[in-house]
Amino acid sequence: MRQSGQSTLLFISLGLLTTINVINSWQIDHLERLAIEDSARLAAIEAQLRAGVPVSGAATTTAAGPAARSAQEAEALADPKNLLRAPTRPRVRAAQVSPGRTLRMQIGQDPQGLNPLIAKGADVNEYSTYFNAFMATRDIGEPERWVPDLAVKVTTDDDLRYRIELRKGVHWHRPAVDWASGRYDWAKGPGPDDRQPFTAHDVVFTLDAIRNTQTAGRVSDLRTYFEPVVAYRAVDDHTLEIQFKEKAYTNRSALFEMPIIPRFLFSVDEDGKPFDAATWGLKLNEHWYNQKAIGTGPLQFVSWEPGVKMEFARDPHYFGEPVAYDRLLMSVVKDQNAWPRKLKAGELDFIYLQPEQFKTEILDDKDGVLLDNPAIKRADFSLFNYFYVGWNADRPKFADKRVRKAMTLSFNRAGVLEKVLYNQGALTSGPFPQQTPCYDKSVQPLPFDLEAAKALLTEAGWTDTDGDGVRDKVIDGQRVPFTFTLITFGSSSEYETIASTWREDLLQIGVQMQPLPLEWSAMLKKMDERDFDAFTGAWVTTWEADLMQLWHSAEADKPKSGNRIGFRNAEADRIAEALRLEFDEAKRVELCHAFHRLVAEEQPYTFFYQRERTVLYWEHLNALEFLQIPPHRDVRLFSFNQPASP
Amino acid sequence: MTEPAARPPVAEDPSWVDLIWVQFGKRKIARGALFGLLGLLLLAIYAPLLASNKPLLWRVADGPLSSPWLLSLFDRNFFENGVDLFFNALLVCVSLLGLPAAWAWRRAATLPRAARGARRARLLLGGIGALLLTLGLNAAAPQARPKEVYPALQAQLEAQGTPVLAVYPPLPHSFRDGVLDQARARPSAAHPLGTDAAGRDVLVRLIFGARISLTIGVFAVSLYISIGTVLGALAGYFGGRVDLVIQRLIEVVICVPSLFLILSVAAFIEDRSIFHIMVIIAAVAWTTPARLVRAEFLRHRNLDFVAAARAIGYPQHTIIFAEILPNTLGPVLVSATFGVASAILTESTMSFLGLGDITVPSWGQMLNAGRTTSEWTLILAPGFAIFVTVSLLNLVGDGFRDAIDPKLRR
Amino acid sequence: MPLLELIDLRTHFFTDAGVLRSVDGVSFSVEAGETVGVVGESGCGKSVTAMSILRLIPEPPGRIVGGEIRFLGQDLVRMPIAALRKVRGNSISMIFQEPMTSLNPVYTVGDQIIEAILLHQDVDEDRAREIALDMLRKVGIPAPEQRIDEYPHQLSGGMKQRVMIAMALSCQPKLLIADEPTTALDVTIQAQILELLKQLQAEQGMGIMLITHDLGVVAETTDKVVVLYGGQMAEVAPTSTLFSSASHPYTQGLLRSLPDRAPPGSRLPTIPGMVPSPLQFPTGCRFRTRCGQASPACAALPPRVERGPGHAVWCHHPQPPAGGAA
Amino acid sequence: MLQYTIRRVLLIFPTFFLISLLIFVVLNVAPGRPGAGAGGGGGEQAGQAEQESYRIFKEQFNLDKPIALNLRHLTDLAEVAAWVDAVRAAPGAVPPAARIDAQERLEDYGLVLVPHLLVLLEDADPERQRAAAAWLAVAGQQRFQNDRRGDVVAAREANRAIAAANQEIKGWTWTAAAPAAEVEQKRAAWRAWAAAAPDRLEWTPAERVEMSLLDTRFAKYWQNLLLLDFGVSNIDRRPVLDTLLSKMKYSLSLGTLAVVIAYIVAVPLGIFSAVKQGTTADLVTTIGVFVLYSLPSFFVGTVLLRIFTEGDPLALFPTGDFETLSAGPMTTAERLGDIAWHLVLPVVTYTTGALATLSRYARTGVIDVIRADYIRTARAKGLSEPVVILKHALRNGMIPILTLLGSLLPTLVAGSTVIEVIFNIPGMGQHLYNAINLRDYNAVMAVLLASSVLSLLGILLSDLSYALVDPRISLD
């Protein structure tokens, strides 16, 4: 019985192995558990120790509210020539700080990177406000007021030459690298936790990077603003001078909101060796630290696993008001349909609702209990954008403003907004956000009026002469029927619905429209080449109005420009140019209103609506507050109403 | 199932097709599934008769009796999709010629075999001719669109006290025109499965979706079967260098995971239509029939009857197409049936991932749209439609396979 | 007591097309040490009879619907399957028609023989291997030590059949059923195999049921012949009696078609017509559609007619011995 | 066997080359600008489209080169003149598409244009001269050498010189208002520049052939590929291979688990169905399996998510993800449990699809052999039914299903796009989906190539395993 003998032996040894394994695993598990408990205890001790030791530069936050944060700042704010003023209110109320808590939010996709100079996208811009500090920021209450951030004082006599005094005692976050390996010892600095100090030289380095034509990415947008810079220099470690060539209203915001990157890290390779002067711009594009974040802001970068999550932790050495929780976890959830599910399951603290979900969760909610859970609350805010339909003014059909107006009149914007977009927004009549003073509230959106549209078309010479139900007109000796193609953003089904609704209405007035859904890149190509009749689009706007890129006739002839519709209007050009140079708020508003009335009359776009966002959140968060200005969501404003983790 | 025009001199059992047919008929489930498929096809063809917002009959007061429905069938502004026009042409042809054709087909069965084949081939050609003629007439017809929204018009006229005679199809909704006021309605008597975001009836779209899905399945598969058969035949018959090149090509295509390739290619096409989708599916899937045909050719190449055909001096192409090819019909037929099912699945997967053609009411598209809502019907209805169609096709394919493979015969 | 006794065995197949009465009332017996030949045309039920004995009929669609199979007095038909397994390969062994496919291609021939030995004999593996080697040697396989570890595809057809025989005989069965063991083989090898069987029978004293359609083989090797037609008994007789005085018109037809019985140069006589499909057997005597002697009486089941010691015929019109034969 | 294996392994390389060519061409001929994906949804931000940085971007990803065949050296003077004129033409004189095309050509063609532009520099029209000089400053730019591999020091040295040269020629352009003396001086500089390196501006036939084949996107891509460099993502600029490898673990865990479970369920089911062939039990199993087979996995996934993660009674499982993200530190055992809990629904979804195919294979395999003569032999030997099936039928019947395992290799690693998207599992399938949507060419290429390699290996493995399992097959 050789065979059975062998198999018995085999089974016994297998059994033995299994037993040993089980015991082993149990032991390891036990050890791990002990280790975790130990490290938790250590962290607690560390936190206690830190609480007792005041940190240089950052006076422990008190309930002083809008009071100055340091002596240097107080002194600077006292100077009447300072362009920066004290904030109207603080971002964080100190009493709310809940140690040990993690704020969990979802992001729809990974950012391109975390170097705010290289990576493009609204998301990176938002995240950089978490880990970065800027020269100055807009006040939460009054967005036209600049308040100190890294700079405490900015002075200028002629709006060409600026002198900037930087905050002292600020340090860069510790880079998130494997310190134990010893490879990164070169990155250690003299500050607390081996941090490197923030100085004017970092700003100069950043400006160098922006103006270096080898760099690509977000810098190329910034470069437009900094190309007309004549000179800049660091006077000393905390003083900076910069001189612009031309006076422009946009200079200030460009300067104040410029992301700043540390020289000690980005001028060197992973081994601390400085880059070659000839190619350092190219190196910066692919810098080894571009996938991690470093800054001087309230949250410091911990980790980022693409497609999975990104983590930040409160910076204990932050110079300003610390955020009200310990960690920020952003999990990447690409499927928007999963967001409400994840909120409901308690895996997230708050989410954005998509319009469809808004309908499902809010409009159809009979009992008024969101997601069937009374502990879930709702908040809304309005985005700085407007949706529109652009008409190609270079096409004979749409060169006539009466035709464009008829198109607008025939588009049941209110109906679509209500039924397709569930009133998640407001109809708009001009190119400015409705929250800004630039928006002229006296200009009403055109009504939905098919009869008026018919009359306008007839007036413009479009009549149905051959009785086929479609209007026609003789253009250049040829009888052309009124048919056109509307290019719609193909990746979103709501556009398909909107287009099909509009098409039915257009048929009633004898116009045939063919929707053509296209991918964004294809759409962009058609628009760049001006190969379209009409398209759907949306612009994201900023607080300050700048009309040059979208509306100036000089842009109309440039390929790939923002003025894709070929809008050429002398009065509009005049207003756009005047607005660039006007620094007086009241006069700016006047110019804006004039422009608003002009486009309402010309209808180069059919202005559609400004979108709103709805947020659902658990009631363990204090009522959510959003910024008026982009990026609207500022996690520094969020806080828990329970002091510590449950 | 036409017989090849030229009979091979020394062919295998000539009633091979009938044999398979008899074997297939013995499998009750497969036969039932085939009838189910036929029903689905009829549903697709007669979709406008079931659902349209154009009245079948219309008379205002004592005015003339008209049929806006009939006019709308070939209105290219109403049915703007080529697929719908094709099915509408089929609808007319099948209604007018279906019964006589079926009668003639059956009668042909009494004829001797050779005459039967010829007669049936002629019938088939005649049918295709009639279809093309209808399509041609339709292309030549004026494309004016009746602008009236009939239910609204009727209400308006009746409010004015004008008597109106209007007979609508059972589901008086258009698959295309939504009524914003009725958007996202829950299931009700008027809308048995509710409406979608644009206020379109879900059941109606489901029925018209059958047209899209069947078209995609059948056309994509015909396309790749044609490509695959030609390439496989060339490789198998000539062997040598031709075989080597085609083999390499096949190997290259099968090594790239097909769904990955399909998704990538689809994403990089900017204005995707269902025709693009069919071509993409075909471009990736042709290797299966190519391999089958090649293998059959290699097997048959050296068989006696081919040698005999060659010996009596039949030209090469006759040998390939008249003698070996019919033998490859079986496995190809089986793979085609499964292919249609998998093409439908592939299309719905693409639509589901947002890489389909969003302008057509395909089932995958509907399911993807339904996923954003909490309405179960919007998920279950298209999902169930896909499931039933694919099941039917798979069962039929399985029946064919069993019928053809003698090993599995009982 | 006979070694094996079939009494009115009926095995039918229930298919979609109808019931196939492949074996419909077969009765004969095999004595120890005796070789019984079972002959008939293809489809006459020879193989089904053989398979029925060990109940190897695929079920469904086949089923033994009636009769008894008595082996050493036990009825195999009603025996529990577990008990039957102790008989299979042990007291009754089988050799099949197709040596090419009857061996499992993924196991070595040694494995397959040893498997049977280990199953039925209380020996350990080493001993089983010795027995297997012994058997291989006995059936005349050269270099058995090497062959035992080879796979079936490495052996020739004749070798495979020898392996099959070795496997069948490895447990010293009392009865060996050989289902056309030589049909697929060359004539020379055929003779060797038959010779081998005879020799082994002499050594082990077992009964052999030899199924064949080759009357030449029957004449040379068997003691008794059973003639089947259409799943029914036609004639049974000692071999010499059958060749000298066959009484059934069918048997006579068979014998007439033997080449050595026809005058040289003349056309070989054949039995007219074809074997009817098992679905369409005529009622009564199944041979009547091809029989020259058929009369209306043949529509009734033929009676068993004793023609001499051990010689019986199932016919309404038994014929006198065909002229002039030995 | 060894010889066969070696031959097969060697055959992988040409096949892989062809595959890469196929994918490369397909992806590159498709329209759409790389990196221009996404966006749009919530609106775009007005910004200056900066030519310079887009050109750098193109250069970095070799997008300025033709796909697989470079015939740019055949460009003649008339064409170049036409492009230069198109770009500087008055607004409206040239259709925007033609202008964009001309501009891209002038940006992309590089050194090939220099001789023609030098001719245009001598043109009678001073505006043409000016345009020619401006384009010379672009076309005359030299490429930096790769200073990350090979002789780094020398490459850096060379790059410094290149940077200086590039910087210098950039200055040799002038404005419309420039004085004649300045214009003349700069034109002289260009002439001297051209005369200094005449060999750079002329090509021998051999060089032309080399240029046609090697100065292409595909050639450059392959040069990098040979060094196992799949390039960097044009979205986040990480090396795509790193990203790929980091995604693999997710797909691998999910795939392996699913396939193992599918086999564990499918094989017995198939055997059962085969042994009971023709009975009601077989019928029920077959139909059941068909039902599963016909259910689209995205449908199953969606419905499972709905049922088991929402609604109070059945909220048993998490709503996706690979593991709990917000959890604190966990012991390995806890973490494994957490992952397993997350993977229940995805694995079930995965399995429903694979189950049908596998059990079908198992059934057919067993049916094929169950009627075989050697099975009858085994029964005649007196072996019990389980032994007959498990020892004699299974080993043969399972050959196809075992070799199927080899072909599952790519699926194991590359995962399933649909399931990963639905369940938010950051594996390779989801990675591909995102890369596709973001037009991240290098990432898409890498995923497709990696899964093709796995397919090739899978096919090889399955052929080899066939030979191992079935002694009848000899590979030599």
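A, B, C and D label the chains in the order they appear, each numbered from 1.
Criterion: a contact is a pair of C-beta atoms (placed from the backbone, for glycine too) under 8 Å apart; a residue touches a chain by one contact, two chains touch by 3 or more.
Small disclaimer: the values here were computed from a predicted structure and weren't measured.
S.K.: For the pairs C-D and B-D, output the one whose chains share more C-beta pairs in contact.
M.R.: Spelling it out, more C-beta pairs touch across B-D than across the other pair.
S.K.: Computing the C-alpha centre of each chain, which chain sits at the greatest distance from chain D?
M.R.: The chain lying farthest from chain D is C.
S.K.: When you average C-alpha coordinates per chain, which one falls nearest the overall C-alpha average? Tell me, please.
M.R.: D
S.K.: Indicate the whole-number Å distance between the mean C-alpha point of chain C and the mean C-alpha point of chain D.
M.R.: Chain C and chain D have C-alpha centres separated by 65 Å.
S.K.: Between chain B and chain D, what distance separates the C-alpha centroids? Give it in angstrom.
M.R.: Whole-Å distance between the two chain centres: 33.
S.K.: Counting in whole Å, what is the centre-to-centre distance of chain A and chain C, each centre being its mean C-alpha position?
M.R.: The mean C-alpha positions of chain A and chain C differ by 89 Å.
S.K.: Could you grab the centroid distance between chain A and chain B? Build each centroid from C-alpha atoms only and quote it in angstrom.
M.R.: 47
S.K.: On chain A, where are the residues touching two or more other chains?
M.R.: Counting only residues that touch two or more other chains, chain A contributes 491, 519, 521-522, 525.
S.K.: For chain C, which residues are shared contacts with two or more other chains?
M.R.: 61 - these are the residues of chain C that touch more than one other chain.
S.K.: Hey, what residues on chain B touch two or more of the other chains?
M.R.: Within chain B, the residues that touch at least two other chains are 267, 270, 354, 371, 410.
S.K.: Give every residue of chain D touching chain A within the complex, in rising order.
M.R.: Touch list, chain D to chain A: 31-33, 36-50, 52-54, 56-57, 60, 91-92, 95-97, 99-100, 103, 144, 147, 156, 159-160, 162-164, 232, 235-238, 243, 246-247, 305, 309-310, 312, 315, 318-322, 324-326, 328-334, 421-422, 424, 426, 430-431, 434, 439.
S.K.: Mind listing the chain C positions that touch chain D in their complex?
M.R.: 51, 54, 56, 58, 60-61, 82, 85-90, 93-94, 96, 98, 101-107, 112, 115-116, 119-120, 151, 153, 164, 167
S.K.: Enumerate the contact residues on chain D facing chain C in the complex.
M.R.: Residues 278-279, 371-374, 376-384, 392, 395-396, 469-472.
S.K.: What residues on chain A touch chain B, complex-wise?
M.R.: Touch list, chain A to chain B: 336-337, 354, 356-357, 359-361, 364, 412, 415-416, 419-420, 468-469, 490-491, 493-494, 496-497, 500-501, 504, 507-508, 512, 515-519, 521-522, 525.
S.K.: Considering the complex alone, what residue numbers of chain D touch chain B?
M.R.: Where chain D meets chain B, its residues are 14-15, 18-19, 22-23, 26-27, 30-32, 278, 283, 287, 290-291, 293-299, 302-303, 306, 364, 367-368, 371, 410-411, 414, 417-418, 421, 432-433, 436-437, 439, 444, 447-448, 451-452, 455-456, 459.
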